[in-house]
């Protein structure tokens, strides 16, 4: 393949890569707008209670994202261990796959 | 008489048959094992590939011997069928899809442009490779090293230039491991301190609905436009759908553990085992290693330059450092962006912002591979 | 010139080649994905099948292209070999066996009669299908939808009528997911409130010895009588022996996790991928969907009627609601019995009692499949 | 296949299904009797201690049987978490695969 | 008429076709299942093999039917390909390598001599088998039972004498389970109480570097010397490298769990399924069972005698009881050494000291197998 | 094969087995010496902190080595459960794969 041809192929291909990803950009933007409009109707029914879902979400960031430290606010370590064990049990997720960012006691007025 | 028998065994052993080229290959295998274990260079693949190189260069073992008629083939010959027929790279993409969170990309879709720009090195290397005498198929396979994505490089090379497979696979994974050395100088060269200090806005939250629809829409669109990319994008997105749907937890788990690990073992050992001395110890291999570095560098440059443009266009809201993460090499490249950003401004947390271009780069290199396979396949 | 090149790419892309039939299939795939994720219709299989349908109907991707001579086949073509040769359904049965507790069945073996009666719909659908012009092989495959057992239906169909595979698989899994809608009206129609209120006696405890011997005895007896059923019953009972023996915990664990999950992914995607437009968008598919519903309904009715008879014969000790659980669809059908029983009498716990007919139904449909394969295979 | 033939095949097959399952019924009944007779001799040696076996048994009901709620009788949650963690450790089964029905304190006289 | 139909089904069922030889085989299968479950005889393999024997001897099931042209083969025929082509034993060795700690061997490398001496029985059995009329290939396969290593025996037999596969596999695993009965009398016969009382010195600590280099060095050396042993030693050492490198935890984990379990299931069932009546119920089988016992006994004796010699040469520092652990059968044989040592001297803990010869025996039998395959393959 | 030949083959093969394993013996000995000499330079960098590494090591002895019992010294069971849960969490290893030999309280002077 001549030098000129390969330059041509390169420019064309690079442009095509941009075109495809730009189209995806457009699709995502359109979709985000649609979701914004239909937000209330289209919301998916989620059975998991809110707090648990949060835990799942945090755990789902994949093996690459390091967990950081577990911060305890107003709870002693024993209670924290208990909370972790119970959530692990109830959600059916092994402790090793749960990632807790912090455990905070809620003040009762 | 016993001495005679020993002489026979010796004559039939590998010690008598070994060539200096094979000794060189064994030494290379040991260096790769060293890099994988001590320097932690992409050990999952490089350690396994290196052991494959070792096994393939111990003479007479015949592990890659083809099955001919009723004569049995070698162990690795059978396991290699999954590479040859493009099955393993696709299944690895299934697992990667199940591990990948496209949330940051959906939250800021302009990341896609960075993921496109960071394929620049593919075509620079492709052009140079063409110039120095590689066939277009070979040049395309060499270029794809610049996509910084192992399974894509292996998939493309098995289709276009199977002879170059070991050199390209080793180069791709080695440079991916070297990202923290290759990218920072370029990042500091091409960006100003002011640019590097930019703190980016918090990403918006992405709804579950968007995350679920994303893999479906991407599959339909990409495969319609570039049918040859279907095995890679299709499996990547199926894995991601397993992950985001939330209803097939056990399939998602198996895709990102048992299945991907089994396939990684088979893929690594057999790709390594294609590196027999005649095939690997050629000037072409040195050229590939050189071109691979060029490809990585220009991909990084491509991402950074578009990052700078976006910095300008956005009125200084985009930190150009996230551009270099567009090369893929998930999550290494995003971490490099994070580290460089924090060096410039200790309060700067670019990791999540760089994950967008990072995963966009995976799609970008699959698309580039699809184009090259459509043109030269 | 660039515009020309773009035109060429467009002309070679799937956008130019797509037919309206394929668009319909893509829409069907999206509906199935919606049902699997939002309505939680048997998501393990239906989500995976649906994605296979999607992939197979994006034109030119060639994922199911057969290998011809030295020309490489498509990714899903290779993975499909496991379906074609009957390997995947058997391995899924291995995992199901390892998950199944036959204890409730051994404790009350009369459940077996309910598991037999609930195959009634198979033969109703078979007869009607014959009547409206399907071949006997096709009619048998369609009938087996009434067995309410996915792997059995897929196994039988690949042997007898591979062309109908996607329609039958989708119908089988969809109706299994719809059990909580299909069965309750029939249950209330065919039973009196007094019958539904019956509380059943506690099941006796089953010894470990009985549980271990059960899979062995069933294998010997069923395979001797119906050799064609060996792959299904053999693997089901091997899995159960792994479970009950208590000495091969790790094999049992792998059979019900890594292995069944890997096979489910491959089976689902490739069964879905057989649903190309020409094969699926035919009047036959509508007929299959209709006949599938008939089969499910009459299987339910068969189980309920025998349940009523056993209620009579036992002097009111058997609650006929457990009859409908005989259709298999483990454990969904048993849960429906539980729910209906509790509606009639809040203190009524039928779950364990319904598990007997439920697992008997798995054996029952495998036996029915064996008979039909023996007759028409 | 004629309508008459398919009716015939259906009746025959349905009868055969009944016959096979009825034979299994007979086999199970005979076997249960045999076990009843030889009960004391044939008992399999089980190495797992009784309590642990119970736990295993509950966990073994398969993923389909929903766990229901954990009922605590006379024990506080901390102790329950501890018991769960210890049993998980001792038995080598991850918490996520154990299913506890209830944890009860035994009164010591 | 219904009676006629029933007669036809009966005539076509296995009940009519079964031979007394098959009944004998079914009884043998049941005995093996009993031994596996109740006596806990190597249950992972023996339970699975036994079920394979059962399935293969239920007539007309055709599970091992070969694929001929377009006619479909049986389920187990396809799964058996992995045995036939030597893939499964190698993958099992991959998992065993990942489970094995060669530390005790590296700490006291003289264990290697015990691992060599305990291959003695292989050649005793080989010589006798030759004498009583087996071909050299068959004699070599029978001898290898004395290596006390299942995958090695299966690998060697599939290459040299596939007809004897089921008998050799069953004998090998049965005698491995019987080690606690076979070895103690010989141990007490051949050693004095004073010898058995010897407490051995604490093993030195082995550095991580040594553990990592060990698998690489062993692979290079053994495969160079005996190329035919490459699939076994290569995979064993790759697994061990996964383990010791510490950087590919997930591959190591999969190799010793999901992968080895899946392969064990397939290997066991299909090896068992080769035991059809014609092949198994022959005088040869009895001879193999007898020779297997001879082989195990002389391997034990070989290890013990060298142990005694080392006791002498070391001035009483080596307890000869660890010699019998050289037969492999990891970790059973090492435990037997521990138990016998503690009987002689309650403060004696030989377990760790016996692990060295124990793992050396694995290498030893692979080497012996390599020699025999080189000579007769 | 004649009896004499098979004896010959046996002697030869047995000798070869010894030769191969003796060579491995020599290689290991040489290697151990080399490691002894270069000990300080060649030490591999280990990133895992010391205590955690110990835990990993104990867990890594393979499925064959039985765990023995967990001994508690100067700690109550609740604290032990908590420690186990925390270590499991921090190290990402499920409880079932951790093996604790003993948990000891360190006296604070």
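Per-chain numbering from 1; labels A, B, C, D, E and F assigned in written order.
In this text, a residue touches a chain if its C-beta (ideal position, glycine included) is under 8 Å from a C-beta of that chain, and two chains touch if they have at least 3 such contacts.
It should be emphasised that the depicted structure is a prediction, and the values quoted were computed from it without experimental measurement.
S.K.: Taking each chain's centre as the mean of its CA atoms, which one is most distant from chain E?
M.R.: If we average the C-alpha coordinates per chain, A ends up farthest from chain E.
S.K.: Where centres are the averaged C-alpha coordinates, which chain has the largest centre distance to chain B?
M.R.: Chain centre farthest from chain B's centre: D.
S.K.: Can you check whether chain C and chain E touch via the same residue numbers (shared by over half) or via different ones?
M.R.: Different, since most residue numbers here occur in only one copy.
S.K.: Once you find the CA centre of chain B and the CA centre of chain F, what distance in Å lies between them?
M.R.: The computed centroid separation for chain B versus chain F comes out at 34 Å.
S.K.: Taking each chain's centre as the mean position of its Cα atoms, how many Å separate chain A from chain B?
M.R.: 23
S.K.: Could you please state the distance in Å, as a whole number, between where the Cα atoms of chain A are centred and where those of chain E are centred?
M.R.: 48
S.K.: Would you mind pulling out the distance in Å between where the CA atoms of chain D average out and where those of chain F do?
M.R.: Chain centres of chain D and chain F, defined by C-alpha means, are spaced 38 Å apart.
S.K.: What positions in chain F touch 2 or more of the other chains?
M.R.: Residues 11, 16, 44, 78, 81-82, 85, 94-95.
S.K.: Scan chain B for residues touching two or more other chains and write them down.
M.R.: 9, 37, 212, 225-226, 257-258
S.K.: Would you tell me which residues of chain B are touching chain E in their complex?
M.R.: My answer: residues 9, 12-15, 18, 26, 30, 33, 36-37, 40, 43-44, 47-48, 51, 54-55, 58-63, 72-75, 78-79, 257-258, 261-262, 264-265, 269.
S.K.: List the residues on chain D that touch chain C in their complex, please.
M.R.: Going through chain D, the ones touching chain C are 1, 3, 5-7, 9-11, 13-14, 16-18, 20-25, 27-29, 31-32, 35, 39, 42-44, 46, 60-65.
S.K.: For a test of understanding, state which residues of chain B touch chain C in their complex under the given definition.
M.R.: Those residues of chain B that touch chain C are 85-87, 90, 94, 159, 212, 216, 219-220, 223-228, 230-231, 234-235, 238, 241-242, 245-248, 250-251, 253-255, 257-259, 374.
S.K.: What residues of chain C sit close enough to touch chain D in their complex?
M.R.: On the chain C side, the touching residues are 99-101, 105-106, 109-110, 112-113, 115-117, 119-120, 123-124, 126-127, 130-131, 135-136, 139, 207-210, 212-214, 217-218, 221-222, 225-226, 243, 246, 330-331, 351, 360, 363-364, 367-368, 371-372, 375.
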